[in-house]
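First, the structure itself, so that you have it in front of you.
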Amino acid sequence: MDKSKDKLLEMYEKMKKIRLFEDNAIKLFNQGLVRGPMHVYTGEEAVAVGACSNLNDADYITSTHRGHGHCIAKGGKVDKMAAELLGRGTGYCKGKGGSMHIADPEIGILGANGIVAGGMGIAAGAGLSAKMRGTDQAAICFFGDGATNEGAFHEALNMAAIWDLPVVFVCENNLYGLTGPAEEMLSVKDVAARATSYDIPGVVVDGNDVLDVYEAVGEAVKRARQGGGPSLIEAKTYRLKGHFVGDPCVYRDDEEVEMWRKKEPIKRFKKHLIDNEGIDEEIIAEIDKNLEKELKAAVKFAKESPDPEIEVVFEDVFSD
Amino acid sequence: MDKSKDKLLEMYEKMKKIRLFEDNAIKLFNQGLVRGPMHVYTGEEAVAVGACSNLNDADYITSTHRGHGHCIAKGGKVDKMAAELLGRGTGYCKGKGGSMHIADPEIGILGANGIVAGGMGIAAGAGLSAKMRGTDQAAICFFGDGATNEGAFHEALNMAAIWDLPVVFVCENNLYGLTGPAEEMLSVKDVAARATSYDIPGVVVDGNDVLDVYEAVGEAVKRARQGGGPSLIEAKTYRLKGHFVGDPCVYRDDEEVEMWRKKEPIKRFKKHLIDNEGIDEEIIAEIDKNLEKELKAAVKFAKESPDPEIEVVFEDVFSD
Amino acid sequence: MRTITVKDALQEAIIEEMDRDENVFVMGEDIAEHGGIYGVTQGLLEKYGKERIRNTPISESALIGSALGAAITGMRPIAELMYIDFTAVAMDQIVNQAAKMRYMFGGKVDVPLVIRTQGGGGRGSAAQHSQSLEAWFMHVPGLKVVMPSTPYDAKGLLKTAIRDDNPVMFIEQKMAYSFKGEVPEEEYTIPFGKADIKREGTDVTLVANSYLLPRALEAAERMEKEEGISTEVIDPLTLVPFDEETIIKSVSKTGRLVVTHEAVKRGGFGAEIAAKIYESDAFYYLDAPLQRVAGLEVPTPYSAKLENFAMPDTDNIADAIKKACYVK
Amino acid sequence: MRTITVKDALQEAIIEEMDRDENVFVMGEDIAEHGGIYGVTQGLLEKYGKERIRNTPISESALIGSALGAAITGMRPIAELMYIDFTAVAMDQIVNQAAKMRYMFGGKVDVPLVIRTQGGGGRGSAAQHSQSLEAWFMHVPGLKVVMPSTPYDAKGLLKTAIRDDNPVMFIEQKMAYSFKGEVPEEEYTIPFGKADIKREGTDVTLVANSYLLPRALEAAERMEKEEGISTEVIDPLTLVPFDEETIIKSVSKTGRLVVTHEAVKRGGFGAEIAAKIYESDAFYYLDAPLQRVAGLEVPTPYSAKLENFAMPDTDNIADAIKKACYVK
């Protein structure tokens, strides 16, 4: 398990990049430049980054409606992402996908997904494919607490388990579905307990502690690559923003949000880097500054990019 | 828990009635009088009878493609069932349903179901309805081991659990789906272990021991009526015939069938009644004789019943 | 008369029917505190409590399945399926169970189940949240299919749906919740299977509903003014049951048919209406080829420019009217 | 030439493509030892082993989902969905995921996925095992829809489907597996989007496919003999892509159109074909109203008497030919 300073700083950088991307995304949304529902990942950065830090470009992820974080963590480019949010022709999907469908199969990002639990079977299939092709690729399947009440969750976990597929199922338990509290909607306290149904490891981790996630998912990825089959990892976390941008959040109170803001993963990791890893605050400041620049450039790129040509509407229905 | 001789004899009678019904059904099928796939319950009688012996007419059941046993156990009439198998106008569904859709909502039989796990949400809904209407009705939901890999299983159990619905989920684990061995297709040894996912009781019973089923389901029904919520009961059993009538059974060997034939539930219960309950063999012989008559009459009724009138095809699409 | 939105009209219908019959209740995702994703049930939790305004887990198959189970055992559920695209995860319970149950059981059950859902484009919700899938349900015997446009129709039809003893797919449109119109204070219902002639005309028959109805009316006005074409605009209100008679009569008079819907053209309800005309006696009065104005045969794209291009609009409808009348 | 069944022709296609490309594999319920519920994959387990002839749990959503996941990461799965009725439990993965993925991702993936399934009536399988649902899939951009009838077509089209880089719904018919016909030993494929004129004629155009094609041909023969009517019988082979040209050309010649399908009439593919004719230049050559010969608008009943009545047959088609030609 690589815990070199470089690796740790790379993780910090990715988390921060996600945060800044979302800050900008919200701004763009509020400027009326983003359409449709947009779900931001603010506060959950440690999960995507901790998990994906165990993967390389050949590995796969499937993502969700709240997908920006997964995409960045797996190596997605913020300029193409921003352009996609703005529906521009230079975006990841030529402006045809938007926030909920950003994908980059070349680096294993098998797509955000607008259907809750819609990606879980796909992740199993990517794992099946890796296994049949005899590679050591692994797949991480991201999904929320709410998604664990979908039938698709159950079917995919059973299938992955019986075939020992190299898939790590990472549940982001952020306490709510859209507005439905996990407490009311889930018949178990810990999603991880559902691993029992598939006779696979079920592990709870602190989803706001990137190293905790990194390690647990690392174990699971290793197991997966070695033919040991799937795992279910539940990362307890919280979304600091509403379900979608503009959510009045009538279903939760401010104290709860405040309480979680204190456990916010980026500051926490920064503190750890400085306090325990002997990393210079200035190095971090430098990273932050570069990221600010990168994001600024990405937004500029997006804004200056043209809308797709009308002909694009007819393309890509079929491959020929 | 009623274990009077009358009750026990009633249970014996029902089990035997199921057996005889299926024997006749197979005969009718082989005479070319039954169409489509027909799945018989031979060897699993103790499950339906043990379970339904805890219900009264106001309670509900949902059933499966292998539904004859559940129907008889809940009080269904063999003449109307036989007529339905033959597609006659006097059948339970006027000949429009056939084996896989026999229903008698008046006595709580909410239908056999051609879709694996198709009845599970319906059972939850019947429980919800009972709860909302403030009655103490309970619902038993029957399904197979194969069905527990369907998403609908998972969704229904979670829903029933969070709302404490009065539903008892009874899994007939007969070791196979259609041809898929539970051993290979299920990621757990015991279906009952899946109860953990819903934080509800999960119990394994000997599905070939009618009293074992009766007691475990009885507990669960009591709990359900009292607002204690759902349970998952796994009855280990075996179908002595093929999946459907005509199944070449290439996926299992004769020894296995022979082994289970020895554990066959009706002989076993009969022995228990005579050996331990002091019931006279002649009383049982009398029951058998009467059942033979009843079944003969049912088959006669079915065969002599006319096909439905053509106009019937247009009826019942909508209620008006 | 007072003017209210479709959203409020739908809510009034629900309130009136819940007050009228204690067995009516609402279940769905995020319908309680949040009031539903488009706000139709806002405030109802406070009024009726969480038993009758019942939030469900994200389990659409169990949502419809349990609503169905409740419907056949004495209750009258209104199940809200957040987006019509999500019918895809509940299709078995809608199509194989709810729609067929009465028939399969030989008439032994009533199924008083309303499935409220919404579809269509216009908000950049992209391919998995913008579909128009009414044609799927129209093709399934045992389902009634309702698609209102105006607040008046939305309210009257929803009340009828709730009182109906059969499964009803009640399909709203996300952009149409804010449509405004007159709705009387007095109670009323609107029968299923009776089309509404929204505008009389003599030269061409235009069938339109839901989000496109106002666009159709606008196109009709414009063509009257600009080209002197008199367009009869008919809203079927319900696709099942379908009022063939009114449309056949109209086309027999005008000889020209334009149909518009948001759903992609291939296999949309426009095809069925066209076939009904082509096989009816109206055939003998036809003066021009059919014009269909429908969604492009592509998944809904996200970008405003592309989505707008992919959706029918007033201009497209006006063009079709002209084409149907051989006006260049 | 040798004569084989549709079942054997399908199996030959699978074998040839599996031999040709090691990434092709089959997955589905009960397809291994048992060889599939209608026997198409019988014997393949012995030949290819359980990795490539892969039995799945009863989990249709995961079946299609995992096939899709495999398809976009280098494999070419053939997923067998036992009955088309069960697409209802996998609809999201077919419609929201597989069909739209390439488009949503801006062209970034190929989706070489074949979904083989079977539908239709004739065996007393009742309402949940007898549907004809091709119209649902035809209405979803991004899916190709294939419905073969003869062994020759079944083999050639399945090979094309397996080589196609897009999701293909390959829809068989349960009674048609035993259809026999000539199939060459030599390799061949059949292109998508090219209709096949199965019988030439001049008086009326009859569109038919799948199980009803032989009935249509029989009706055509009978009408030739009994009434001197010359019927042109066209099998579209693929509903998506659809060969409009051939049918428009035929109807422009005959002026009369009969369409038959097992699916219920309302919203079936006959409506779409009718609409295509009505909106094409063939309109100007039409001499008679459309005739549709389709399933009754009811769930499929179990009893033989009722089911036979609910399904179209040779007599119904012959009657429609006569009607289209104004022969009483």
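Order of writing sets the chain letters: A, B, C and D. Residues in each chain are counted from 1.
Heads up, the rule we're going with is that a contact is a pair of C-beta atoms (placed from the backbone, for glycine too) under 8 Å apart; a residue touches a chain by one contact, two chains touch by 3 or more.
Nothing here was measured: the structure is a model prediction, and the numbers come from that model.
Taking the CA centroid of chain B as reference, the farthest chain centroid is that of A.
Separating the centre of chain C from that of chain D, both taken as means of CA atoms, is a distance of 30 Å.
Here the CA centre of chain B is 36 Å from the CA centre of chain D. The distance from the centre of chain A to the centre of chain B, each centre being the mean of the chain's C-alpha atoms, comes to 45 Å. Within chain D, contacts with two or more other chains are made by residues 56-57, 59, 61, 85-86, 88-89, 92, 96, 103-104, 126-128, 141-142, 297-299, 301.
Across the assembly, chain B contributes residues 93, 95-97, 101, 113-115, 118, 149-152, 155, 158, 162, 184-186, 317 that each touch 2 or more other chains. In terms of inter-chain touching, the protein chains here all touch one another pairwise. Residues 61, 85-89, 91-92, 94-96, 99-100, 103-104, 126-128, 133, 135-136, 138-142, 240, 242, 263-264, 266-272, 274-275, 277-281, 283-284, 286, 288-292, 297-299, 301 of chain D are the ones that touch chain C when the two sit in their complex.
Taken together, the chain B residues at the contact with chain D in this complex read 34-37, 84, 87-88, 93, 95-98, 100-101, 113-118, 146-147, 149-152, 177-180, 184-186, 250-251, 307-308, 310, 312-314, 317. On the side of chain B, the complex with chain A involves touching residues 149-155, 157-158, 161-162, 184-189, 193-194, 196-200.
Chain contact summary for the complex, chain A toward chain D: residues 60, 62, 91-97, 101, 103-106, 110-111, 113-115, 118, 120-130, 132-133, 139, 151-152, 155-156, 158-159, 162, 315-320. Those residues of chain C that touch chain A in the complex are listed here as 29-30, 32-34, 37, 55-61, 85-86, 88-89, 123-129, 296-299, 301-306, 309-310.
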